[in-house]
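Naming follows writing order (A, B, C, D, E and F), and every chain is counted from residue 1.
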Amino acid sequence: MRIAIINPNTTSAMTASVVAAATSAAREGTELVGITPAHGVPSIESHIDEVHGAASALAEVQRLETGAPGERPDAYVIACFGDTGVPAAREAASGPVVGMTEAALSTAALIAHRFTVITMPPRTREMSDRVVRTLGLEHRVVVRAIDEPVSAVEDGSLHLLPLFIDEGRRALADDAAEAIVLGCAGLAELVGPLSDALGAPVVEGVSAAVAFADGLLAQGLGTSRVSTWAAPSASPAPEGVAE
Amino acid sequence: MRIAIINPNTTSAMTASVVAAATSAAREGTELVGITPAHGVPSIESHIDEVHGAASALAEVQRLETGAPGERPDAYVIACFGDTGVPAAREAASGPVVGMTEAALSTAALIAHRFTVITMPPRTREMSDRVVRTLGLEHRVVVRAIDEPVSAVEDGSLHLLPLFIDEGRRALADDAAEAIVLGCAGLAELVGPLSDALGAPVVEGVSAAVAFADGLLAQGLGTSRVSTWAAPSASPAPEGVAE
Amino acid sequence: MRIAIINPNTTSAMTASVVAAATSAAREGTELVGITPAHGVPSIESHIDEVHGAASALAEVQRLETGAPGERPDAYVIACFGDTGVPAAREAASGPVVGMTEAALSTAALIAHRFTVITMPPRTREMSDRVVRTLGLEHRVVVRAIDEPVSAVEDGSLHLLPLFIDEGRRALADDAAEAIVLGCAGLAELVGPLSDALGAPVVEGVSAAVAFADGLLAQGLGTSRVSTWAAPSASPAPEGVAE
Amino acid sequence: MRIAIINPNTTSAMTASVVAAATSAAREGTELVGITPAHGVPSIESHIDEVHGAASALAEVQRLETGAPGERPDAYVIACFGDTGVPAAREAASGPVVGMTEAALSTAALIAHRFTVITMPPRTREMSDRVVRTLGLEHRVVVRAIDEPVSAVEDGSLHLLPLFIDEGRRALADDAAEAIVLGCAGLAELVGPLSDALGAPVVEGVSAAVAFADGLLAQGLGTSRVSTWAAPSASPAPEGVAE
Amino acid sequence: MRIAIINPNTTSAMTASVVAAATSAAREGTELVGITPAHGVPSIESHIDEVHGAASALAEVQRLETGAPGERPDAYVIACFGDTGVPAAREAASGPVVGMTEAALSTAALIAHRFTVITMPPRTREMSDRVVRTLGLEHRVVVRAIDEPVSAVEDGSLHLLPLFIDEGRRALADDAAEAIVLGCAGLAELVGPLSDALGAPVVEGVSAAVAFADGLLAQGLGTSRVSTWAAPSASPAPEGVAE
Amino acid sequence: MRIAIINPNTTSAMTASVVAAATSAAREGTELVGITPAHGVPSIESHIDEVHGAASALAEVQRLETGAPGERPDAYVIACFGDTGVPAAREAASGPVVGMTEAALSTAALIAHRFTVITMPPRTREMSDRVVRTLGLEHRVVVRAIDEPVSAVEDGSLHLLPLFIDEGRRALADDAAEAIVLGCAGLAELVGPLSDALGAPVVEGVSAAVAFADGLLAQGLGTSRVSTWAAPSASPAPEGVAE
């Protein structure tokens, strides 16, 4: 099986790091293919960036879907906290699509009664809130934020460990959190040391999404075509846009 | 005051009709400017279309914001049920931004205890559900759908009146609905005859949004810049995209 | 158009101040008429006071509705945080009725992802909670309170500014609030200085309600008569009460 | 112990019937005193009527509280579906106050996973919805309505049995209801025959409230005076109203 | 009437103390019978213990139900915070069954707008959360915990008073709580002194459950047999288990 | 890796069939071990049965955990709709534990906006409702039931296909469902033909849970020991029970 991990931003270093981090979560025989969009924004720090990220992710899915059947990905993971572009990707892809946020939250719910998302920067808290509410988990989740831009993790995230340990300790003490969800792609390096420091599981969404996507494939499950995410056959290409 | 009504699709006939319909909702002295994107999709029928619609709407807001201060709109209305692009537009615009869906729902809540959205086509029901849940109104709203594409209303919507009357009667009988929200831009012609047929108020979202935008301006209120929708000053333009 | 602003308490100074504050929110050509009840309580500090306030507000609406058609208000605003009497006024009034609380909350939701109500005194927190829950906004709103009676603002509210700034700062820091809703009529003087001090929008409910009422009138929308708020034609006058 | 059952309307026949119906629910040694207001409306069919009903109920509680300590009721039940006036009565009364709606709903939740309220007339559905939401039971309760005015039960309710059986059967079949809550005072005669016809428990709220009030007294529990329902010591009597 | 209070653990001292504490809540003529399981765990500190507690409680109910009709309890109270075994007991018992947690929460909702559960130890917080959510009261309840095992109250709970006072004060100050629910059986001694120290009502669940059970009996109400809690007539005894 | 699939009932034919059905969902190299309890009930049709099922499942987990490290399962799946015993198993197991219901619901949420659980028999609807609410998915899920006992699928489920097709069609038409969750273990044979008949994905929970468990192992994630599901080290064995 081949799972495409779509990084909705154009920073290929980040793509490489999320693919590397998720490798151990994939099934034996599953190939992970990191996709960095040809066009877009270097990091997704705002709702404006999310619009570009969704367009980038969608364009990449559409491009990959035009490949020969044997070359098309069997499933997709969208590697941006907030799951920008996931609904559109579901319509465009022939196989299932998993967002890293929904995967992280549903995974954390299997191992912790209450848990806390630590996202960054604070202005993106709404993206976490949005997915929490789409799933309905607000009674079990608190969203916290660290004041660093997403671009701060372009070359690794270990320098943020002290900030995450501090915020994580507050989560355990004040939110009754029993696990932490890392609220941004590109934080995979933190999983081990943060988990050790807190004595609590730390969930990284891209890995969680790869595991979910692999599981859907193994079960033969794909996106329902009944209504919401049916392939929009009649949808003409957007006018005047070269994609 | 000048309010730009952004139609996120490229069908200028639809822009004209929504502006015409909303005129009576605007304050005296408020100028409504209909904006049809240069690039995009002719109608928004899916989540894929929503991605393009959000990009189109955002591009138009950004273009208008580069105008001389006296030429920039004072506020914006996004005229697509589902409020695609509204969060990004909030960041990009110097003035307030109102989505037609959030405006329609909050307006209906002022005049009816329970109410029903009639949207189209059925596959877009998720867009209504999404805004209902963002506001938290699920205990008072039911979402119904008619099986017609958005493109069916390109040249007017009166031919759909019988379908809306049938669905509206079911809403009153089965949902305990006391008002109807029209779940699509371009349905303004239905307001009068549908309201007459049902004996219940019918809310059209673009008009509702214009009234809300005008009201925000009169109160001197604009989008909070504290965090979520702050202007993303450092956000570079997307690479390799001519917008 | 004529909008009656019903102050449910008998303190005419408060009526005057809320009307003055809301004037700039009204449309050109809209006349605001402040109504101080002939009978009732001087300020609404409790649920007991709310019962009297609802009766006072209803009596005034009923009195105004007996006027000649040209003299009847086209719409009503109930100027008491908690929206006491609004449902009854909807039944009694021929035009739409807007509560200051529902208007303030729906307005804040257009400009802020999360926001905080600062009400007073603490014992009235339930009134805010009640309207928040009627709208379903509890996932986006926190209710805070200042320990001052409503009567403290009879002659103006600027002396409370330091208390509101302190509480507002806590709201921004601890609630992730991005806007403040003033949880009491008679606080309009605080809008400017509090907004300046916090760097965040401050919503005043009577102004918000006037804007909403004006908008409903412009859209030709009134209270649904389908069921809940139909005019109770058969309802006899209460026995033994001279109202 | 003495429990006052306050009928918020002025129809003494209804007071007599609710007291009679609740007698078997009271503890031995508990005296039930039915109170018919001196002033008010003959039945509560609307939100306007609710305003009058709340004022009537409050006035009666205040009158009873001025009695000698040995003559004051130890607790109160408000016998109107929708619990109009209950919060104010809590502030005015020295002992606990129980609404028939909150009591009926919490009682039904002890004996049925899901249940249905059958209220009347349809326009009062909002009153049921309101209490359901105050308690948070919306995931377990459906509200249905029969198209009869409250005044129809002034002289007994057995003539409505066929309508309640029909609606109750729909509730069991379509709502997965396992018990029925009678959504109006004055329906106690229906409890036995409706329960027999449906093979399901039928909860009558005044009886449920009497049992709850008796239970609070036995536990030595009264309304919390910490904040919301503290006695409003400083609250002056309403001006110009002889109560 | 005879109400069996089932202590799901095997510590007879705890049974004796909860029966003693609940006596004053029972109606005159109601006999309270404390039941200590023959088999099980000495205290319920975990979900593992809950499984054993449910089995113990169920076995005792089944044993009591085989008694002669005149000897069978008329109703049951399950005296463990978290209401372990209550659904099964409902199926097994001929009379109604009330859990101490559901009773405590519904009782507190009658006397306080918002309230706080103080449970112990922290790892059992999920049990409180679970019942809060089953009832839907999460908008009015906060759950706090004290770090003591349930076994600490085997010989009385007064030594924990300072801890409960501290936590209770935090609840009033930080949660806007207006009443306290004791989140564990065996804490009845705290009711008086904690209530005095806080100036707020303190609800003890076993007493609350006895009052509710007594009330159900007086109303002639029992568990609905329509579906969920019908007696499972065809259910064979578990194989290989001597119960 | 070795995943133990615990069938909480004693019917070994059902164990064999659920293991067989889940095999294709497991990762290469993962060994699935079906566990049929030595003691318990032959099928779980009620809350009484759930108590026995939880005890059986817990006993088997505890027995397996006493094995040599190399023989202990790495993870567990509890194969009963309603997830009976899952919290206790989490405490007892050294590896992660996944319930088939939580796994099925979270899986369906990845491929369908709204979906419907079809469970059996109707009296077990509460078990589905309970897990839906624990996850918070009630805004996206409807629970339907077929009137057959669980024991009806002891020797296969294909004879129930027509009933599931009928109910599934109602779900698609009336609930706007876009996928079906099979609400009982032992229905795996239905996945293919039901999916074909409805044109919609059908989720089988044991397979979903195996995939989730495998994914947790691949991510190195296990049950949080911070609080709720910490191993209860001090918990003595239940007295007088030979397990």
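Simple rule for what comes next: a contact is a pair of C-beta atoms (placed from the backbone, for glycine too) under 8 Å apart; a residue touches a chain by one contact, two chains touch by 3 or more.
Remember, predicted model here, so these are calculated numbers, not experimental data.
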item: Length of the shortest touching-chain route, chain B through to chain C; value: 1
item: Intersection of contact partners for chain A and chain D; value: B, C, E, F
item: Self-contact between copies chain D and chain E, residue sets same or different by half; value: same
item: Reference chain D; chain at largest CA-centroid distance; value: A
item: Centre distance in Å when chain A and chain B are each reduced to the mean of their C-alpha atoms; value: 29
item: Rounded Å distance, chain B centre to chain D centre (Cα mean); value: 43
item: Junction residues of chain C, two or more chains touched; value: 113, 122, 125-126, 133, 138-139, 176, 227-229
item: Interchain contacts (touch definition) - all pairs; value: A-B, A-C, A-E, A-F, B-C, B-D, B-F, C-D, C-E, D-E, D-F, E-F
item: Of all residues in chain F, those that touch chain A in their complex; value: 24-29, 96, 98, 102-103, 106-107, 109-115, 135-140, 172, 176-179, 199-201, 203-204, 207-208, 211-212, 214-216, 218-229
item: Chain D-facing residues of chain B, complex; value: 113, 139, 176
item: Complex contact set, residues of chain A against chain B; value: 10, 38-42, 45-52, 54-56, 58, 85, 87-88, 90-92, 122-123, 125-126, 130, 133-134, 149, 227-230, 232, 234-236, 238-241
item: Interface residues, chain A side, partner chain C - complex; value: 122, 125-126, 129, 133, 138
